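In the part that follows, the structures are each spelled out as C-alpha cells.
Okay, so chain A shows up in both of these, paired with chain B first and chain C after.
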Partner chain A sequence: MYNPTVARLTYRALLGRRRALILFLLPAMLLVISAAIRVLNGADDQAASDVLGGFALATMVPLIGVIAGTGAIGPEIDDGSIVYLLSKPVKRPTIIFTKLIVAIAVTMAFSAVPTLIAGFILNGNGQQVAVAYTVAALVASITYSALFLLLGTVSRHAVVIGLVYALVWETLFGSLIAGARTLSVQQWALALAEKVTGDGLVTSDVGLTTAVVLLVAVTVTATWFAGQKLRRLTLAGEE
Partner chain B sequence: MTTLHIDHVSRWFGNVVAVNDVSMTVGPGVTGLLGPNGAGKSTLINMMGGFLDPSTGAVTLDGRTIWRNESVYRDIGVVPEREAMYDFLTGREFVVANAELQGLGAKEAQRALATVEMEYAQDRKVSTYSKGMRQRVKMASALVHDPSVLLLDEPFNGMDPRQRMQLMDLLRRMGADGRTVLFSSHILEEVEQLASHIEVIVAGRHAASGDFRKIRRLMTDRPHRYLVRSSDDRALAAALIADPSTAGIEVDHADGGLRIQAVDFGRFTELLPKVARERGIRLLTVSPSDESLESVFSYLVAA
Partner chain C sequence: MSTQIPQPSQAAPDTTRIHNIGYRSYDGPRLGRAYARRSLFSQSLRGAYGLGRSAKSKVLPMLLAGVMCAPALIIVAVAVATQQTKLSIEYTQYAIYLQVVIGIFLASQAPQSVSRDLRFRTVPLYFSRPIERADYVLAKYGAMASALFILTAVPLLIMWIGSMLAKMDFAEQTKMFGQGLVSVALLSLLFGGIGLVMAALTPRRGFGVAAVIGVLTISYGAVSTLMGIAYVTENAGAIKWLGLFSPITLIDGVQNAFLGAPSMFPELGGPGAGFGVVYLLVVLALIAGSYGILMRRYRKVGL
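And now, the complex of A and B:
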C-alpha cells in the first residue's frame, strides 16, 4: 500500500517548491505571536486557548493542510508529470495512499509540532491546553490531508477551493452559522481537545462520538474516492 | 512477440471527434504514426498507453485490455510528448526513481542511461537540460525495464540533427531486436527514414497503412498542381494537353501563367522540359502550388 519511491518524489516536490515557504512562515508567525503574548501578558490559560484555537487550529492547520494535501498531487496532474507514476505497474490506490501519508506527515510536522511548542510558550501547558490543541491539530491534519488530496485529484483549482473552504467555511461561516459548525473538521477536532482539557476552556459543537465517526468516515471516503479518481484519470494530449 | 490491437476505436471529447473508427495492428518492428498536427495521433497513443479510455472500441496488448490495467506497464515503455518531468531531480535520480517504480534498481537505471548516452550529464538537474537531453532521459526512463513495446509521442521534436540520428539508430536497433516500437510524427521524412511500416492518420481517421514505398507512391501519384510561366503560355498549354499525363490546364490571367493539373507525376516532370525545348519555349517559373503536407494528407483521406 505504501511505495517509498512515490513518497520520496512527493516529499521533494512538496518541500522543494516556493509554496513551501508558507509551510515555514505560518508556524513562525504562531511562535512569534505566542512569545509576544507571554511576554506582554504573562501566562494566561484563556489567552493560550484563544491563540491556539483562533489562530493555530482555525487558520494555520487548514492552510498547511491545503498546501500539503493539494501540493502532494495537484501540480503533477497539472503539468502531466504524473504520467511517470501512472505508466508503472503500481496500483493507483497505492499512489494515493502513499501521497496521503506524506501529506499527513508534512501537515503534522508543520502544524501540530508548532502548536505544541506555542502552547508551552503561552502557558507552559497549563490545564493541558497545549496537549489538547496538539491532539486536535494531529487529527485535523489527517482529515484535512485526505480532503485536500482528493481536491487536488479532482480539480485544477484545488488550491483556491481549498483556501475558500479553510478560510470562509471553517472560519467565517463557522463563527456565524451554528449548522455549519457541525460540518467542520475544526469542530470535530475540537471535540477531542475538549476531552483532553476539561474545565470548559475548549468547547466543541459536536459530541465526541459523532466527531470521531465523522473524522474517520470523511478520511476514508475521501481517500477511497481519490484512488478511484486516479484510476480513471485521463491524460488528454496537447492537441 | 507483442502486438497492439486497435479495434474500431473512436474517441471523442464533448462534441469533438478526435479519433474516428480506427482499426490497426502494431506488431514487432518500427511503426511510424504519421499525420498532420491535430490529427489525433496523441489521442491514439494515449489510448495505447492506457492514459485515455476509448469512447468505443477496444485497445488491447496481446489480448489484455490496456485501460485501467497497471500490469501492462511491465511490457510497455512510454515516452510522453509533454516536457514536464520531475525537474528538481538530477537525470540519474529521475531514471533511478522510474526503475524503482518498476521494481528495479540503480543497476538497470545506469544501463538505460548508458543506452541513451546521457551518463555525462546524469548528475545535473533535469531543469538544466536542453530539449534533446530531456528527450533522451525520458527515453532512458521508458527503457529501464527493457519493455517489449515502446510508445513515443513526437520523439524528435526539438532535437538537433545529431541527436535525431542517435535516437533513430537506437529505435532501429530496438525494432531489429523484435520489439514493437511505435512513434508519432508529422514529418514524412522522419517516418520514412525510420519506420518499416507506416500508419497515416488524418483528421482522426485512418487514412493509409503500409510500408513507406506504398505510402510514398500514394503521395506522389496524387494529382499535382503547378503554376508555370513561360515565354509562350498558350503554345505550351496546347502541347502539354495532348499528353495523357496532364488532366487540365487553365490560363490564369490574374497571376499571368498556366495552372496545370498533372495526374502522372513522373511522366509530367519529364514531359514539361522536353516539350519546352522542342518548341523553343522558355520556362520562366515552374512551381508546385499544393506541396503542403496538409494537401498531401487530405488527398490520402479522399483516396
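And now, the complex of A and C:
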C-alpha cells in the first residue's frame, strides 16, 4: 500500500523550492507570538489555552492541512502531469494512500511539533495543556489531510473550498450555530484534548466516543472515496 | 528562394520563374500600445468575474459577489421597512466586516490573473506585442484593483440608494458614502497589490491561493491576538504600532483617523489623527512597493 517513489515525488512537490517557506511561516509566527506572550504576560494556563486553541488548532492546523492535503495531489491534476503517474503499474488507491501518508507527515511536522514547542514556551506544559493540544493537532492532521486530499481529487478549486471550510464553516458558523460545531474536525480533535487535560481548561461540544467514531469514519471514507475518484479520473481541459 | 521544380530536360531553362501568390503586407491602421494595454486591462477585469471564461469559473466570483451584496440588501430592506433614520452599519465598516469574503475573492482571482500566464509561458507572447513591462503590470494591477473596487463599492451603492429610499438625510448620507468609497478604493489598491505580488511569485495556482489567503488571515489573526494581549497588559502604546502589520487593520486605522469611521477595536482606541499619517504612509508605501516588486518580477520572467 505504500510506494516509496510516489512518496519521494510528493515530498519534493510539497517541500521543494519556495513552497516550504509558506509552511514555515505559520509555525514561526506561532512561536513568535507564544514567546511575546510569555515575555509580556508571564506563564498563564488560560492564555496558553487561548493561544493554542484559537491560533494553533483553529487556524494553523487547518491551513497547513489545506496546503499539504491539496498540495499533495492538486497541482499534479491541475497541470495534467498526474497521467505520467497513473500510467505506471501502481494501484491508484496505493497512490492515494501514499500521498495521504506524506500529507499527514507534513501536516504533523509543521503543526503538531510547533504546537508542542509553543505550549512549552507558553506555560511549560502546565496542566498538560501543551500535550493536550498536541494530541488534538496530531489527530486533526490525519483527518484534515484525508479530507483535503479528497477535495484535491474532486475539484480544481480545492484550496478555496478547503479554506472556506476551515475559515468560514469552523470559525464563523462554529461560533454562531452550535450545531455546526458537531460537524467540525476541530471539535472532534478538541474532544480528545479534553480527555488529556481532564478539567475545564479545554472544552469540546462533542462527546469522546462520537468524536473518535466520526474522526475514523471521515478519514477512512475520504481516503476510500479519493481512491475511487482517482480510478476514473478524467483530466479536465483548460478552462 | 523559389522552389525549383525538376524540369524535364527538354524544357528551356528560361521558363523558371517566381510565382507571386498574393501575400500582402498589412497597411491598415495599427491600434498601438495604448489599445493593447486597454484590452489586457478589460480582459483581466472580465476574467476576474469569470466573464469570457467557462461557466464553471463564473460560479465562484459571482457567488462571492452575491454574498458580498446580500447583507447590504438586508440592511436596506430592514431600514426601509422600519423607517430608520440611520443605517444599522457604517459605510466604512462594511468591507471590514466582510473581509473574509474579500480575502477569498482575491485569493481565488489573483492567481488566475497572473499565475497561468507564468505557468503556460504566455508572458513572452504578451511582450511580443507593442506593450512594455509597465503596461502589463499596470493593466493587471489596475484590473485586479478595479475588480475588488467593484466588489466592495457595489454594496455601498446599494446602501446609499437604500438610504435615499428610506428618506434619510441626503447630504449626510452622501458624505458618508463618499468616505466609504475612498476607503474601499484604498483597500482595493492595497489588497490587489498584495494579492498579485503573492500570486506572481508562483506559477502554481493552488500555492498562489494558499499564499494570498495565508498572508491575509495570518497577519490579521496574529495582529488581533497580539492586540488583545497588549490590551490585557494595558500596553496601549504598542496597540497602534501593532495595527501596522496587517492590511485590514491598516485600512481600519486610516479610515478611523481620516474618514470618521469608528475603529474595529473600540475598546482599544484608534490610532488618532496624528498617528494616522503613519498608517496612511505605510498603506501608500505598500501600494508603491507591490507595484515595484511586480515590475522587478516581470523584468526577466519567462524570457
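Methods note: the second predicted complex is superposed on the first by the 230 of 239 C-alpha atoms of A that agree within 3 Å, B and C clash if a C-alpha of one lies under 4 Å from a C-alpha of the other, contacts with A are read in each partner's own complex, and residues count from 1 in each chain.
The definition used in the following text is that contacts are C-beta pairs under 8 Å (C-beta built on N, C-alpha and C of every residue); 3 or more make two chains touch, one makes a residue touch a chain.
Just so we're clear, the structure is a prediction, and the values are computed from it rather than from any experiment.
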Check your understanding: chain A superposed: clash or fit between chain B and chain C?
Key -> fit
Review point. Is A:Gly16 in contact with chain B, with chain C, with both, or with neither (first, second, both, neither)?
Key: first
Check your understanding: Does chain B (first) or chain C (second) touch A:Tyr133, or do both, or does neither?
Key -> neither
Point to revise | First (chain B), second (chain C), both or neither touched by A:Lys88 | key: first
Check your understanding: Which partner does A:Val6 contact after superposing on A: first (chain B), second (chain C), both, neither?
Key -> first
Practice item. Please work out whether A:Leu26 is in contact with chain B alone, chain C alone, both, or neither, and reply first, second, both or neither. Key: second
Check your understanding: Who does A:Arg231 touch here: chain B (first), chain C (second), both, or neither?
Key -> first
Check your understanding: What is the contact status of A:Asp79 with respect to chain B (first) and chain C (second): first, second, both, or neither?
Key -> both
Study note, to complete from the structure: When the two complexes are superposed, chain B comes to within a least CA distance of chain C, in Å, of 7
Exercise for review: List the residues of chain A that touch chain B in one complex and chain C in the other.
Suggested key: 79, 239
Check your understanding: Touching chain C in the complex: which residues of chain A?
Key -> 18-19, 22, 25-26, 29, 33, 36-37, 40-41, 47, 51, 54-55, 59, 63, 66-67, 70-71, 74-75, 78-79, 157-160, 163-164, 167-168, 172, 239
Study note, to complete from the structure: Seen from chain A, its contact residues with chain B in the complex are 3-6, 8-9, 12-13, 16, 79-81, 83-92, 231-239
Check your understanding: What residues of chain B sit close enough to touch chain A in their complex?
Key -> 13, 18, 37-43, 45-46, 49-53, 68, 70-71, 73-74, 76-78, 80-82, 84-86, 88-89, 97-98, 100-103, 141-142, 153
Exercise for review: State the interface residues of chain C toward chain A in the complex, per the touch definition above.
Suggested key: 53-54, 56-57, 60, 100, 104, 107-108, 119, 201-202, 204-207, 209-211, 213-214, 217-218, 221-222, 225-226, 229-230, 232-233, 235
